[in-house]
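Shared between the two complexes below is chain A, which pairs with chain B and chain C, respectively.
Right after this comes the complex of A and B.
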């Protein structure tokens, strides 16, 4: 927001309308914050409360007995293997995405690919249509290929969404890099490969890191494909949580959701400056 | 500046480009495009392999109500989302509210399944919201309504999850509005709400439309939120019916017919994407 406007906003009307007006303004500001905080943190804090509630009798406003019993229980039981599985898969998926989509996004951004429109169209479809109806047909195919219930199948199904998402964010990263920089490198005798690694990649690095972390989060949170392809042999965290909540194990499900939330919130805090809105815009659609 | 376009690519460059694209294309084609086409084909086939429209008539007669219910829920959620994000986006554009933008970015980073569960815990009959209300002493805790497992619970969860993305798109559009225009309107005595609804929103009709199409599709295709919130009998979201047909009935014809119906409802987004591509 520009400075003169701020000054105009804060000084002129208030002096004209007297002190009661500024009290009103403060109250309104307070109300806006209170409502926003309640809207966003209300549901989230419920999860935290439930995760440390050993006993909670209605209608007590707070848990009757507090404790970390369910946290301990969660870490001793099957949840730990689901946690390990989810993180393992997310890391593998992020690395594969990085290797496959960074060069592809670059050639697309620089128009160095034949039939670019058709290629882009193929990568549009998974963004534009619901996943479940398609993934249920993938399940049929994967039964035929003996991939259901295997780690390979699980990684492949995560890759479908992750690749598309990663490609879209990376194309916008590379498009934001000025082409004349590369032209200069060519003029000075740099080869395409040299230019890519020594000119383009260093500039694109923050965007690539942001995109990889978002892919990591996508894979960590993937539910539909994991439920159809992985379960019941390989249970990822979201599926574990779904099962726990289905069995009315409120506390276990809440512990799991708190754990699932932590990576995202951490990234949000740590990467504020890297998270440009065009990357996030692609993220929210998945 | 020397521009390299697709027509002047040498054969070597074309081969290199194709080789780079091959792995990603193979995965997405084999595991999305091909099954997508198969679902279209299978929706027109009976279990004996005869071409027929029976799957559609069966899907519509059993799940027609749920289909309309799903569109209704997504529509209501969309309207609520537009109202909330326009107000918040407008406030952020017109005034200084530190932290507000950050707070509303949080839903973007909270997984869908977690949102479903959180809303369930928050809105259940003996949930946190009702507990909090009963602390105030203004309500009798035993007659407070349950919002979870109901349409309202679904709407709340769908809106909540999309607050982040909605605000991001809305704010991006609002920030591109010319400052002097707003100052002129303010000089005429327009309040903040008037500025939002009479200036910011109408001036960004296109961007608001894009945001609406994108979030509508995402809400329609959302499976984990209805799966977590469930329902208390009565209508349910169409994705739950589809899942039921596959896992319990193993009737792929009807399931795929439901799938195609949801593709049709998502066509808005597809058309928008296509327009974007052809423009480039």
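Right after this comes the complex of A and C.
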């Protein structure tokens, strides 16, 4: 008598194990969501608040005077040109990265290059040390070549870091494409170039997009190099924000942060859509 | 288009190279290259495909020397273990890829794609909208086969095409691939590590070991007349026993299905006499065209249509299949002499 009941209980799906069980699960899930949302949006909401606070003194929990004065100021002043500069540089850096690293990563991924690890290591080297000393040394060199304070210099300094991201992810992307996919094309008469454009590139596209987004965000967010090489002639958004925050202009800094964050969040959603976990998993083991 | 391989040598890694291969693969036939992993069978196939360049020797497709020709120019097509269908192209685009490269006009291309897909039994109603991922493994391999055949290659190369499929699909597709190959009358080279697959599908089997051809011949020849110990123990469900024969220990290779076990029936004493002789000499004796030896049934496994017995013979065990249910205990093992292969140690 008891046996069939036991079997029925054991084989019942989760939801049929009684209402108390699903309530417990729901509560737990809700708690996890609530904590995550608080962890992510808590700090962000304070930024949002600050950006619309015209007066906010301790110990008031909320601003005493609200308004868009600082947003208005931001769009009237130098901030807009900084924003444009940052986006422009990020786009140029992304394109240069694509042009250099897509073919290079493909060659590294597909061929037995004797010094492959050395090549990859050289690309990684600038990231292995604290950025400040590395960039200071670069600055010394750039002074010699008259690149400090120029857009070219800014783009070059961004490329130092961006190429690393781009190359390392793209090598993984190309390695994740099974070689028989290309060989099948060769057997049917497709040349290496034809195969690259008709087989490899379309399959690698999600990975390439993901890597480009990473590079774009890196460039948009780059600070140390931008400060050393670009300032004071070319002020990018992060540098602008640094200046604003340094002047205790909490509101200006908040507006800048929110502006900087919007493309970041949008692009991260795109990234999440295109990035396959194996690209990241292969990161660093080539 | 027969394939002639003359003195082909290719060093590849520490193990997987091939040395001095000389074989002729008959026109319109399916030749299976079989061997354990690392025997060089894949290297041989990839050298035929042109992915590796031969260090020495020649490859001829018919009278055309292709040794130095790139994969693109060999007029060979290939089917891969993991199908290698392009996930970003529809089935129609996958199969039509080779024709597009040959600049075949769109109308004719579509006609030929449909025709070849029908021959490999793929429904062609929505091939322009469906992607390879929508098909089962067996169907994907059929599509890959269609993609290879649509360009009318001179030679079809198959690299373990069934290894990625489950047992039932594999059995069916063996017959499928075989009949498609025969209906196209194309010369095919089929690499597999599965000896059963090689024996059941091929017109001609090449058994490779350690980068060399161990034995070549028809499936029946190679199975029934193994010239070396390696061939004998590699093919079929084989067991090696080390027994005293003609005064010295030798290796005896047996197949599970070839031996016959008869339990010793004490009351009647049926087998007592022969067994006594066998035990006394600790040797295998010949009786009525069969080898007779004493054994002991240790375990049995019910296999559905038959029983598989683990029989111990002079401290060594082997499997014998029989459709009767026998009791454990002493038994007589009989093997027809022509189905027992002796090799010197």
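Details
Everything below uses one rule, namely that the second predicted complex is superposed on the first by the 236 of 286 C-alpha atoms of A that agree within 3 Å, B and C clash if a C-alpha of one lies under 4 Å from a C-alpha of the other, contacts with A are read in each partner's own complex, and residues count from 1 in each chain.
In this section, contacts are C-beta pairs under 8 Å (C-beta built on N, C-alpha and C of every residue); 3 or more make two chains touch, one makes a residue touch a chain.
Fair warning: this is a prediction, and the values are worked out from it, not measured in the lab.
Following the overlay on chain A, a side-by-side fit with no clash is recorded for the pair chain B and chain C.
In the superposition on chain A, A:47 makes contact with chain B only, not with chain C. By the document's definition of touching, neither partner reaches A:92: not chain B, not chain C.
Put chain B and chain C next to each other and count what each touches on chain A; the higher total goes to B. In the superposed model, A:261 makes contact with chain B only, not with chain C.
Using the contact criterion defined above for the overlaid structures, shared-chain residue A:117 touches chain B, although it does not reach chain C. Touch criterion met: A:202 reaches chain C, while chain B stays clear of it. In the superposition on chain A, contact is made by A:180 with both chain B and chain C. In the superposition on chain A, no contact is made by A:231 with either chain B or chain C. With chain A used as the common frame, chain B approaches chain C to a shortest CA-CA distance of 5 Å.
For the contact definition in use here, the residues of chain A common to its chain B contact set and its chain C contact set are 180, 183. On chain A, the positions that touch chain B within their shared complex are 1-2, 5-6, 8-9, 29, 32-33, 36-37, 39-40, 42-47, 49-50, 58-62, 100-101, 103-104, 107, 110-117, 119-141, 156-157, 159-160, 163-164, 167, 179-180, 183, 217, 220-221, 223-224, 238, 241-242, 245, 250, 253-254, 257, 260-261, 264-265, 267-268, 272, 277, 280-281, 283-286.
The part of chain B that touches chain A in the complex is made up of residues 1-6, 9, 13-14, 16-18, 20-21, 23-25, 27-29, 31-36, 38-39, 42, 88, 91, 95-97, 99-100, 102-115, 117-122, 126-132, 134-135, 141-142, 160, 162-165, 168-169, 172, 179, 183, 214, 217-218, 220-221, 223-224, 227-228, 239, 242-243, 246, 252, 255-256, 258-260, 262-263, 266, 269-270, 273-274, 277-278, 280.
Listing the residues of chain A that touch chain C in their complex gives 178, 180-181, 183-191, 194, 198-199, 202-203. Residue ranges on chain C touching chain A, taken from their complex, read 49-51, 70-74, 76-78, 80-82, 84-88, 97-98, 101-102, 144, 147-148, 151, 157.
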